[in-house]
Structures are given as C-alpha cells and as structure tokens.
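A short write-up of the structure that comes next.
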C-alpha cells in the first residue's frame, strides 16, 4: 500500500528552482534512499514533504490524504517525522525534554515511558546526561538526540536528512540497526537522504538519485551501486 | 485691516490638549465678549488656530502658521516647554505672545524675550503662599517637603516654599524627599515620613497630575494625617473620588470652580463657561485664558494700537490691574506674577470649599526666581 | 573570471543618488514651501542625520540601540553651552565651568565640537558597553539613555534641569539641513565601505566566526559606536539651533522609538533604507497633518479628527512592516544597476528552516 | 528593625509589580522573540476599560462599579482578548521576521492604542476608586503595611508558582518552551504552534490586566501613560534576569524594585533625584558582570 | 614532536564542564606542512580541543604553544592573526554576505585593505575551484558548498595552521575526494599544518600522516594510519566491530583515484 506519494512537485526559492517535477511513491514498510550531489535538492524535497518549504505545484499525499499546503504540525500528526539537516535541537531544553516534545501528538500515552527507556538504552550517553541542556552536546550527540526525538514521536514515516552527519561509524551502525529493526517491528517506513552508497547498499531498499532538482535514476540500491550509471548520473555530463 | 487677529498656537491633540483647551475656551469667551461689546479699537477680533500636537518642533510651526495669518497676539501652549517654540517665533516676528497658563518665570522675558507674557501666577508664589498661610493661619510649624522632580512646575512650587520658609520665624523643615510622577509606588518615601519622630504639621507636596492623586492617596492610606499643601495643579474635584473622604488638604486657586468664589462675577463666568462649552470649568486653569485677553485688550485700548512695542509698554504699566481672577502686575523686569492674591481651597471629607484668601507679604525676588 | 571594480566605484552611486534626491527636495522646499513647511523639511533633514547615525551602528552591527538619542542630547546641550550668549548662561547655567560660561561660538564651530563631544563620550562609555552582545547590549544602551536623561533632567545648575534652556541663536534653514544630512550620509557611506564596516557586518549574525576570522569585535563595534555618536551629536547640535531651545524630554523615549521606527521601516541594514525611511515617514506624517487640518474639496472641507494622524501613522507602520518586513529598501542599496529590479544575486529565501539555523 | 522591615515590604511590593510585568513580557518574548512594547498600553487599556469613554474631566465609571468577583474576571478577560487580538491581527504576520521589526511593530501597535485612548478619554488623568479598604494598613511586626502591598506580593507569588509549574510540569509548558526556541522544529514535531502562542498571549494579557488593577487601586487614577514605566522596567528585568528564564525575569523584577527602593531610602537627599541614574547604572553593571543575565539557564551561553 | 619546533601544540590540556571531563591531560601536536588526524567517538572532546587551540575555550589546566610561544588565555581573534585558522562543525558563514565577502572579511580582519582582501579572496576561490559561487549570498548555499566556502575563508592569507572540524560531513564519497585533494594541497602547496577531525574514517586514513584517537577526553591511541586501523582499542571504541569492512574499499578506491 502506498503510504507516501509525491506527485510532480516543484519548489522554488525566489528565482531559483530547486525541485522540478519530482514524483515518488513509498510503500508502507519500505526504505527509500535519496542520494545526489551537492545542491541537488534532496533537503528541499524532504522539507517540502514536511510542509516547511511550500511546494509551488504538484501534490503530496500521505496515507491517501492530500496534505499539500498543510501546516507542518498537521503533516507531523499524520505520522511524518523529519530529522532535518543541521540538527535543530532545542538547546535550552534538557535532553529528556527534547525527547518528549514530539510525544504530544501520540495517542498511546502509556508506551511513551517505555519508548523513552529504550532510546536511553540505545544511546546510554543520552541517559547519562538527561538533565543537561541539549545545546551543550557535541555535534554527534545532538544528532543522536534528534534521531531519538523523531523516534519518540512514533512516526509511521520517518525521514532523515543525512543520518550519519557527524556520527562516529559505530554509532551510524547503531542508528541503522535501530531503523531496520523498527521497520521490521512496526512497519516503519523510511525515507533517508544518504551520501554513502555503500551504506545504502548494505541496508537494502530502493534508491533514487536526484540531480538538478530532478530524479535522474531510480532502482534497487544494491543494483544501482554496481551500475556505472550511478557515477555518471552523479556527475552528469556537460553541466556543472 | 478691519479686524484684529489673535493666533492660538496651542495643542488640539496629544497630551497638552486637555490642558490647553479649557483655557483657550475661556480666552474665546473673553474675545466673544469684546466683540459683542463692539470690538477692540472698533475692530472685530478674529481668532485663528494651529495645532502644536504637543510637540516642540510642531509648536514652532504652529507659531509661524498663525503669524502668517497675521496674528497680532500669539497665544501659546499652557506649558512653558511646549509653548516656548511658538512664543520664540512670535518674539522673532516682533509680536506679543502670551502663555495660556505657564507658571515658570521663563515664560516671559528670561525665557522668550521682552514681548512674552504669562497670564497666570508663578508656581513659586503658590508654594510661598501655602506655607505662609499655613504658618499664620493654621499654626503649622514643622514642614515636610516632598518634591516630584518630573517637571519644572513642580520644582517651582518647592522653590517658592524654600524661599518662604526662612521668612517664617518658627517654622522648621523636618525632612525633604523626592519622587517621580510615574513611580508606581511611593512607599519608600512614605516610610521616610513615617520614620519621623513626630508627624509633620504640614507636607508641602510639589507635584501635579497624574502622580499627585497617587501620591495623595498613598500618603493618606498610610495613615499620615498632616495637612497637605499643594500647588494649583491639583485643583479640581474631578479626581477626588479616588481618595474618598480626603481631608486637611489645601490648594491655592485664582478663582473657585466650586461655585463659592467670593467674587460673584467669577460664579457668573463659570455659568457662562458651562453654557459655551457644555461643562463646568474643571480647574482654575481655565481662568488665565480669560485674564490674558482681558489685560492684552486693555493694553491695546490704552495704546490705541496693536503694535507690539506699544502694547508691551502699556502692559508693563499695569500695577495691580484688577481682573476677575485677582490683580495683575507687569513690569520691565518681569512679565509674570511674583506675588498674587490666592483663594485657599480646603478639602474636608472630600468636599472642596474656599476658606480663605492670602497674598504673600513680600514679592519673591526676580533674581531668586531666575537663578532657580 | 573578471576582477571586480573597486568597492568605491561599485557603490558610490548610492550616496550620490541619496544626496541629489535630498538636494532636489531642499530646492523645491526653498522655492515653493511656506515657512512652516521649510521647518518641516529641516526637521526631516535632522531626522535623516539621526537615523543615518543610528544606521551606522545598528545597521552594521545588528545590535539594536536604544541609547543613541542620548548622543543627540549631549550634542544639543553642548551646543547650548557653547552658543548661548554668556549673559544668559550666567543666569541660568551657573554651574558651568568659567571658561565655558564665557565663550560664545558661532554655529559652524559649535556644531562640530558638539559632535566630537558626543563621540568622545561614546568612546568612553562604549569601551564598557560594547563588550556586550545581543539584547544585553540593547538594554545597556537603554540604561545609558536612562542615565543621561536622568542626569540632564536634574543637574539643574549645568543643564537647567527639566526645563528648557533658551537662547541658542536660531540659525537654520533647508540648506544647512541638507548639508547636515549630506555630511551624515557621506560619513555613513565611508564607514560602511571601510574595513571596519565590512568586518562589523560580518559579526552581525556570526560573531563566533568573525572572531575566528581575526576580527576584534569589541573594537569594530566601538568604532561604529563612536562614528554614529558623532553623527547624532551633530544632529543634536543642529536640532538645538533649529528649535533654539533644548530640554531633556525631547531626547528620550519618544524620539528613540520614532527614529528607530523610521530606520526599521526603511530597512535597517542599508543606508538607502535609513534615508528613505525618514523621507517616507515624514511625507506620510505631513500628509496626515494636512488631512487633519482639513483639505477643501469642492467647497467642503474634510478634516480628520484631531489625533487621527498618530493613529494612522501607527497603523501604516504596522502594515508596511507586515508586507515589507525588511523595510522599504528591503535592506538593499539604491543603485542604477538593477534598480528597481532585483540584483542578479542568488539570495537566501527566508524559509522557516534556513532562518533558524 | 521595623524600618528595615518596612523597606523590605516596600521593595517587595514594588518588585512584585515589576515582576508581574516582567512575566508578561518574558512569556511573549519566550514564545516569539518579541519584546512587546505594547504591553504598557495593554495595561492602560485594561484600566480604561473600567471607564466609559468621555473626554470630560470627571470620569464616568462603567465596569469599575461591578463587584470584585465580576470585575476581576471581566478585566482579565479584556486583557486576554486584547492580547489575543493583537496576536491574530498583528503579530501573527511577523512570525519569521527580525526581532527589531517585531519590536517596532509592537511599538507602533502601542502607539495606536495610546492615541486611541487619548482620543476617547483625553490625556487628563481620570480617577477611579477601587476597593478603598485595600489601602488600609495592616500591622506586621511593628511595620505598617498597606493591605494592597500584601495582596500584590501574594498575587505575584501565586502567579509565579502556578506559571512555573505550568511551564515546567505540563505538556503545554514544554511545547511552549520548545516553540519558543525553534518554532518550525516544534511544529515538525506536531506542536500546535498557534494554540501555544495564543495561550502565551492570553496569559500575558491577563497579567497586564492584573497590573492595571493593582496600579489603579494603588494610585486611584487612570492615566494614558500609566503602564509605560512598568513595561520598561519589566523589559529590563526580563533581560537581566536571563532571557528565557521566567523565574529569572521575576527575580530581576524584584531586584530592580528593591534597588529602586533601597536607593531611595539610602541616597543622600541631593542625590535622590538621580535615583534612576543609579538604577540604570546598576543595570549596566549587572549586565557587564553577567551578560547572559543573573539567572540565565546554562544553555543561554551558546557553545562554539 | 618535531625538533624544529614548527608545530602547534596542546600540552597536558584539561577542560571540565560542570563535572564533565571533556578533556583530560591531552597532548597533541600539529606539525607545519603535514596533516594530522583527530578521530574519536561522539562527545570525545574533539571539537573542544579545537576550541582550546583557537582560543574559544579557556583551559582548566595545561598549555597551548605555537611554535614555541606560549598562548594561554589569548583571544580568538588574536590567535587568527598569529596564523591559527579553523572551520566550524556547523558552517557558520556570514549568511547575509556574498561568498566573496565572506572571504574578504577575513582578509580585512587580518589587516588587509579591502582592495587587497578582495583580490586575495578571488585568488582563494579560484584556487579552490569555486569561483562560480563568488556572488551568491552565503545563506543560500547548500550544505556542502557551505563547507567549501568555510575552508576558503579559513585559508585566506595563508594561515600557518588550519584546524578543520568535520569538513566532509554530508559529502558524498565523490565530493569528499575532491575535498581530500584540496586538503592535501593546502598542506603541501601552502605548507600549512592541518588538523583534521572527521568521522569519515576513510578520508582520515587516506590523508593523515599521524592520527590521534580521543575517547572520553583522553588520547587512547596515536599512530600512523596503518597502526590505527589495526588497533583493537580504536576498533572497539570507535569504528564499530562488525562493519570494518566499510573501510578498505574506500581506501582502495582512493588509491586508484589518486
């Protein structure tokens, strides 16, 4: 069943068009990797789905409901949770408070405490410093926190803009492990901007490559990695 | 020209409007009377207006605007600071200017120049009057001075008080303090008064609206029963319900708005004022507006011209010139009243009433006033 | 890759446009305006000086200052001390030191001295305050305003206290006003293309990175503070000559907010914004004042009720800011090239996320 | 001893007023980075709402006649509605703009309200009598303390405790603080941001009404400019208390009140007129020593 | 440590944040002309160490020396004048200014005239191959370009030392290769001592001559890339146990590419 459908969306920043007619479909429980060179529009795509950057045309449908132009909180409440690029922790709030912000929209109040515990188990460092203001954390610690925070919202679709950003290799492993496990347990759908094609290949799933605001290549991650076309498409010919 | 133009460069909007309007209405009443009686030098007086918007720069423009319409007399805002810019324009144009009710010595020769006058009485005279009267008539011996440092007017009252006190043989200043008009609370000032070994006989309160009400209320709420002496700025009954049953409270006024003025003509004027404006005079600050037209018109009649120099010369000859609201004296040194008859209004149980009148025994020296 | 033309050649049109536009206004006013209207124009020129002075500090440093009007106060009183005839001073300002009591200087001399006085004061006080950043700095400047106002309002023997002091020879006309505004624009322009100006603009939203770039933030802020104090000190001096009376109430909150509003309405990060903010607001105010006085239309006079002008100006300010939150100039400078079209630069679009990081 | 006690109470009561003001400012600053310069005019508006519009010198009392159990809720409601309206009509459109722009917009709004009141009521202060019995002093360890002071202090403490608990312990409070820090991110986590902000405005408006009531009771007057001073001090208190710290803002409000009272009580007579210069000077000194504010949360200092 | 003394040294540095030991007795030297790596788990204290070396973080104990000159307690901007430059983990460009001005600011901050600074900025942009970005307002740059501009800003007027805090974060493999080439040129052509913090372990192994490994504020290992790759301690603390196969392919590829 299609959980998220992006149909022909276009996004402009002033006179610069960052996305030109992007169409995507993600089924429930699927993993979709988005990759592409610098400035391709990957972050823009995620932000547009989350409703923080207005889409100029096209439509976005989550679970059958058209959400184009809806407010970010409405989209979040439909189960779309985005870990944006550049962290965005609430610096003045403690780690624990950060984790709890997104739980307001959950219906299963009872499970919040359990989930909190399991996040703490995964990232013991967060547990140790749960009363520390998040602004004091190191870059990687903040990244762990925002991933944990998005998970605490118990989303149906989780979108992460470069999960590995600033994380130590060991922690990246761990993050992927959790995501893969949750996908299995809860049919969590994943939409991940990932620069490491090796990582994508190892995780499995589908992959799209964006360049110049368009999807230029699409396929199973494992196949695409082998495919020479990835490298070609990545650099493009003649433009740049 | 077949008419005489009087220009009002006063506030029709903004903060000063509430203070300029009543005096201006009184001035218009006098103008109307003169016109009905055949005019001045046989010509009708025509008033023209420009709004200062309670702004100094705008005040100067308003002055120019009325001068450009041919004003022979420029009437400027009640307050010295707001009136001066227009008055200075009049001075520069060689025209007479009158402050509606400014009570600072600067509203005249020292501040504006030799063609500038004020129709009211100096603030210092109020402080001096109240202390001398309280000393002589109420046997007050210990005085406490409480100054609201917000305006020159307030300081003026206390200056008069300071000048008068050494002249009162047995009077003693037992304490002195300051506050600011917009202080949310004057609790600590009150604590200081309450800390005195004995409550003073009188508190000289040098302040004005709106802080005055707050201060008076807080003083009485703290249980201090001393007589409170004030300047004219707190005259009027409109605020009395804020301090129910206020007693032992004294204000000097040029005329009574309470209908009990010893001079029946004043009471008549009050009626007329009500007819014209639809409301009773709210405080004695209505009256100087009437006085100024009165004295200026007399000077014009005597000079047989509206020429500024001639009119000023006539004005400066006035010595205890009677007006409805007390005598007026102008000299070459001072275009303001440094001595004046005041009615004393006493408020008892929330009811203000004229109880006495008093003229200070000595003029306050011009040097003293100018140096303050 | 082409080398860029020099900074001056690239940007010099901006001050030229501004100065010429003001010159035209001055000439028209002189030619056709009534005396009262001439005063309005002079007032506008003085406001331009103040707002341009504010821009030098606020625009380049990004710190909001509530304290600059105290420099106007300093300048105006210094002019009063210097320009009032000694006879008058010896009566009202007895506390002045003897040498000051006995001097009387013409406007051309008193004005720069007043500017310098404000600048020196800013230098002393700025060494302390400029260590602060962000809103703490704003509050400190607010404290400065409070202190200066309180001292000037109560130091009776030197400042005459609350009351106005008079006697400043009234020597002002549109040409002098224009000259003042021109001086302010030139100084502000030179500052903003100076090394210090560029360095300070860099500290505006990335103080940390600026110090990693070798910039001494405190020093650059101090320079801007002093330059702006000088300009505003000059404005204060001219204001004193304009009104020929000074009192501390004129240099307090109301003026602070009115001038800040003009700056923000124009666009606080550009010189063109500073100037156009004043011009547009002045024109609007004058327009509504005239509407209040009444205009005759076919025999009828329509007049707004008294006091409607202020309400209208407040409402218009809000609406303008709503639609142009970065000001009328959108924080850009007037220039021939590309104006009024957008300049061909990729500019960040304010999206919720970009803005926050 | 009683003198000291008296001073303590004076300081506390003046401080409470500033603290209540600071709460109102800090709350909005907290959620929107907006320094609401219209707050002072909200205070005045609430007071004038008790009077019938008229430019006569004598006030025509209107709502002011109601019994306290109706008057107080009514006034709080008026404050809340005014504040909410200002959010919906004005501030909502400034969500993503520069704080300076917002500040000037708020100042312009205050300017409009002030001149509206001026037009409707004229600048002459009006008198209002509210609960004269609150003016009576109560005796406490030899000191005479007006009932109103006691009430003011109590109200402040209660409001403070309730508000802090609300912000710290409830989900709404958490969301409010999150939205304050990063509005968009909070929305992306499902926080209903508009609701949160409206709530903050409503509380702030009620605080303005409360201050208005206290000021009116204390001074017996309604004056156009009556909120301005409290607003300014409150603004300063918000900053030196430590931005984003509600208890800090309150504590700083108390401190400024105390400083003002203590300077008034201890400065020699001739220096007393310079009291405010001392207070502002002290503010600058405090800022230099603690630029993040006295009670800044640890996070207020950005790490590199 | 090198005998010619041309190095930037942190000696026995400790930093504490309210009970948390961010750095304890860390000693690290960055030689001129070479590339030194600094790796370690998240929160190990890497950024804190850079902050210490650039004057943004006062030390609790220990000292900082620049080519023999002690530098404790010196302000950040003065250190930049002495030739210690850095980038930030979070970009920190001057968002309102065009890219070229971002660079120019540093030149001006270091005492150049604007004309010289502009010329230098353009030279640096060209050197980095990003002249096309010169007139873009920095706030509009995508994440990866931000990093390149940040490096450009840091190498204005050729510093003696350059401390890079995760410059390759968010870059694809290809992009980080370009970056690697640039870093190598900075060290080689400009004779700059580079300290590189990266979680892209392949990049670090490929570039660095010497690598320091920091964990919980302590140096747990120092050595050549080969030594570090083989260290159990590092593997355990940092790289993750199962996934070390991630490393070889990139290194191999890099060898091919260069």
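Letters A, B, C, D and E mark the chains as written, and numbering starts fresh at 1 in each.
The definition used in the following text is that a residue touches a chain if its C-beta (ideal position, glycine included) is under 8 Å from a C-beta of that chain, and two chains touch if they have at least 3 such contacts.
To keep track of the chains, here are their UniProt names: A, E = ATP-binding cassette domain-containing protein; C, D = Branched-chain amino acid ABC transporter permease.
Everything quoted here is computed from the prediction, not taken from an experiment.
S.K.: Please state, in steps, how far chain B lies from chain A along the shortest route of touching chains.
M.R.: 2
S.K.: Which chains sit in contact with both members of the pair chain D and chain E?
M.R.: Output, common partners of chain D and chain E: A, C.
S.K.: Using each chain's Cα centroid, which is most distant from the centroid of chain C?
M.R.: Farthest chain from chain C, going by C-alpha centroids: A.
S.K.: Among the chains, which has its CA centre at the largest distance from chain E's?
M.R.: Following the centroid criterion, the farthest chain would be B.
S.K.: Quick check: more C-beta contact pairs in A-D or C-D?
M.R.: C-D
S.K.: Indicate the whole-number Å distance between the mean C-alpha point of chain B and the mean C-alpha point of chain E.
M.R.: 76
S.K.: As a quick test, compute the distance in whole Å between the mean CA positions of chain B and chain D.
M.R.: It comes to 36 Å between the two C-alpha centres.
S.K.: Would you kindly tell me how far, in whole Å, the mean C-alpha position of chain E lies from that of chain C?
M.R.: Each chain's C-alpha centroid was found; their separation is 44 Å.
S.K.: In whole angstrom, how far does the Cα centroid of chain A sit from the Cα centroid of chain E?
M.R.: 28
S.K.: Got the chain A residues that touch at least 2 other chains?
M.R.: Where chain A meets two or more other chains at a single residue, that happens at 13, 16, 52, 72, 84, 86, 88, 136.
S.K.: When you check chain C against every other chain, which residues touch at least two of them?
M.R.: 154, 208, 306-307, 310, 346-349, 352-353, 356-357
S.K.: Of all residues in chain E, which are in touch with two or more distinct other chains?
M.R.: 47, 56, 88, 90, 140
S.K.: Touching chain D in the complex: which residues of chain A?
M.R.: Residues in contact with chain D: 50, 52, 71-73, 76-77, 81-82, 84, 88, 90-93, 97-98, 100-102, 104-105, 132-136, 149-150, 153.
S.K.: Which stretch or stretches of chain D touch chain E in the complex?
M.R.: 298, 304
S.K.: Touching chain B in the complex: which residues of chain C?
M.R.: 34-36, 39-40, 43, 88, 91-92, 94, 153-154, 156, 161-164, 166, 170, 242-245, 247, 249-250, 289, 292-293, 306-307, 309-310
S.K.: Sort out for me which residues of chain E touch chain D in the complex.
M.R.: Spelled out, the residues of chain E in touch with chain D are 18, 47, 51, 56-57, 88.
S.K.: What residues on chain E touch chain A, complex-wise?
M.R.: 17, 20, 40-48, 89-90, 140-145, 166, 169-175, 199, 201, 237-240, 242-243, 246, 249-250
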